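Below is one structure, written out as structure tokens; the observations come after it.
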Amino acid sequence: MSTVTSSTPPTPAVPSPSPPSSATGAPARTARIALLRWWPLALFGVLAVLPYGTVRVPGLLDGPVGSPGSLQLLALCLVFGGLATSYDLLLGRTGLLSFGHALYFAAGLYFTDLAMLEWRLPLASAALVGIGGAAVLSVLLGAVSLRVTGIGFAMVTLAFAQAGAILVQRNPGGVTGGEEGRAAPSDLLPGSLIGIENTPNLYWIALAYLALTLAVVHWTSSSPTGRVWAGIRENERRVEVLGLRPYGFKLVALAVAGTLAGVGGVVYLLLTGGATPQAAGSDTTLSLLVMVVLGGSGTRWGPVLGGVLYTWAAHRLGDLANSSAIADLPGVLRVPLSQPLFLLGSLFVGVVYLLPGGLAKLSSRWRPIRGGLTA
Amino acid sequence: MTSEALLSARGLRVVIDGLHILHGVDLDVAPTGVTALLGRNGAGKTTTVKAVMGLVPRTGDIRFAGRDVGRLPTHAVVRQGIGYAPEDRGVFAGLTVAENLRLAERDADPAYPFVYELFPELRSRGRQLAGTLSGGQQQMLAIGRTLLNANRLIVADEPTKGLAPKIVAEVADVLARVAERVPVLLVEQNLALVRRVAGTCTVLADGRTAHQGDAAELLADEEAARRLLGVGGGHPVAASSIATAAPAVAAASAATATATATKEAP
Amino acid sequence: MATVVLLACTGLGLGALYFLIASGLSLIFGLMDVLNLAHGALLSVGAYATWWGAAQAGLNYWLALAFGTAFGTVAAVVLELVLIRPLYTRPRDQILATVGVGLAVPALLMGIWGGDARPFPQPESLAGTVHIAGAAVPVNRFVLIGAAALVLVALRLFLARTRYGLIVRAGVEDRAMVTALGVDVRKAFTLVFAIGGAAAALGGGLAALYFGSVNPGQGANLLIFAFVVVVMGGMGSVAGAAAAAVAVGLVQQFANYYTADGLGDLAVVALLAVLVLARPRELTGRLA
């Protein structure tokens, strides 16, 4: 997490060597660079101690930061930040527009839940079943859907995901629980993960999941394979001209992203205590797409930012709508403001239209201004 | 030459998918006769033509009949009075011959008599799907489309590509007759044809203009032709097929002249 | 026998609905290479506008349907002019923009009229059933089939007989070449969006009759099956979409009835994957 990858577009957290201003001392600049380079660690440090926080953030969160309610929401934000990061491995790093990422998330979620419910496996083994199931599924379906490209690929992945969603909803053999879904068996879950007082543990697991996806995505995309992904994203034909088969590389990307989504499914299961069919729906994939594009596709922090912002907004804006500040507004304003998805959808369209790089690009736009101020 | 050129491009550049295809092409099309655009395969001839037509993103200066057309979208360029017959002929396979022609109509009074005079088959095959035509017939359709409207310039990109020698000769006749009415910018690999019809020429190499001048002079200069085009003189086969077709040309151009006269009478 | 007739009529009615969505989707994709994920939202807009006309404004069904269709047409034109056209050189962003609209519009409908299904008032004249071979088939099935047949004929005439129809057919084959003949295809884009929006909104108004209620998610649910129809029928082919819509509607109904519930839906969705994989050239290369 220390250097800028060659595959990321020029929006690094580390400023590229700026024209040497002879007046400022070199040590000061080095210190600033070090600060900029290590801020992610500092951020994760702060995030890790949040459960002990008693600060109130009015408007953003209901109770103190460390309260179970707040931690639960924050943990959800972190999980979706991680999921969006895993999805961006496809969209932003490899240039694959998949409409089926929710399938692997749902696979991790349902396989783990069902392995506990039906086979009475302990959580650790069940999680392995879930993650393994997501991995195998992503390789199998990926191998098939990658036979086509572009819109064809988008449509095949959409079809597979929709088939999965239908299967889950129709409740074959009473296994998936249909519309209701199925709660995880509390007797098989470790005591430290159950109960409102243990929310901090779940929060830390979510934080660890986010760190894991960031690390994996960063590591893989700065590996030689990652450089081929970047090549495929820019121009697939040129990769072929170099004598490489894009198919295999794209399959690896799908497998890595699918497995990470499966892990996310397990974390989500622990966090929400059950599996519901909404997880498999095409809306989930579309949400991930919105998160990634909102935050900034192909950047390191953009998908996290988008995932956190989206999840927070989807949960909090609804509550905000019931607050007196909004309930007293005339209908023309109140109705759209009370619908988080309307606001998010509109914001998304605005970002696509006006800010093609996503919110992460904003920081690079501000940099010259900031530089001008500090100089 | 610049002052009187019908179409002139300066510093034409094209970048597609990060690849620089044209690095600065200068092109002048004479206000009469045929101007040939020559160069080896991959020199950028088709891209130059597409850049002029606005079919690829381009930068640089393009003036047509004194007007800046370098930033116009394709349809607006065409409406300045340019007829375009693209490299792959661009006929709509799923449409009939008559529909292909109808789609190209821009003027209130399209010159069907002239087109049918030139290519009687386009009338008799009007209801046939264009995709079922032979390559030569498709090329006739592509050229016929450009002649329906009162264009000020015809752009023909390799009209003889992939055609049998006998058909090549027919296309050559047609081009010669068309050039009597309206100036032509011709992209061509067949140097015998160029020698026969072209007055001036521009030679491209590696996305740049390598030579501009008289076509006959260039082709007479063996050393220059080899250096710029990678060939000696013309292709003997094509040359002979055009020679044999020559008598037919004379007869046909007489007919064209009559057709033109009747067309322009009212 | 009675069951078969009822299933066939219901399947055809469903097929008619799919055709109304898919025909516009197919023309839009065929001509413009835009995968319009907001097409389901257009159906929902038409459904709610028809419902509003019939249940709130007190119009009779046909007037309400005309109002809904007109409203959806305007919405589609606005969508094309405001969002799709400026992104003409960014095909992927066009898709993303339609995703955003596809999320925002149902949410807005939910905000105004709530997330629950709203019952649709059944007009007296269409409430009855017709007896065919012992089966009591609801009249609204035939309304759907008739409307779809009319739209099919109208679209075929438009494509075959008008200049814009010619431009659309040629543009589906080679859009760049159409512009190289001096035609401003952007007008055709707006027109195709208007046609697609009208057909989808009409489908929405008829879906309200067919399902007996409207809900914000209706359009999105039908969209996936419309995709199957579009791919099966061939991009830009209206006749193909009609044939495929009939096939999909029938297969779905019969499979859902005679095998496990939901298996028909599953079979149709699986068919989408199989078709795309079997005929990749239909779609490949249109979007890098």
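Labels A, B and C are assigned to the chains in the order they are written; within every chain, residues are numbered from 1.
Criterion: contacts are C-beta pairs under 8 Å (C-beta built on N, C-alpha and C of every residue); 3 or more make two chains touch, one makes a residue touch a chain.
None of the values given here were measured: they were computed from a predicted structure.
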item	value
From chain C, the most remote chain by mean C-alpha position	B
Chain occupying the most central position, where position means C-alpha average	C
Which of A-B and A-C has more C-beta pairs touching across its chains	A-C
Rounded Å distance between chain B and chain C, as computed from the means of their C-alpha atoms	44
Computed distance of Cα centres, chain B from chain A, in Å	54
Chain A and chain C: spacing of chain centres that average the CA atoms, whole Å	33
Interfacial residue positions of chain B with respect to chain A in the complex	17-18
Chain B residues within the chain C interface of the complex	53, 55, 73-76, 78-79, 84, 86, 90, 92-95, 99, 102-104, 106, 145, 149
Touch list for chain C against partner chain A, complex	29, 33, 35, 83, 86-87, 90, 92-93, 95-97, 99-108, 110-112, 220, 224, 227-228, 231, 260-262, 265-266, 269-270, 272-273, 276-277, 280, 282-288
Contacting residues of chain A [partner chain C, same complex]	97, 144-145, 147-152, 154-156, 158-160, 162-163, 166-167, 169-170, 172, 236, 282-283, 286, 289-290, 293, 335-336, 338-342, 344-346, 348-349, 352-353, 356
Touching residues (chain side chain A, partner chain B) in the complex	234-235
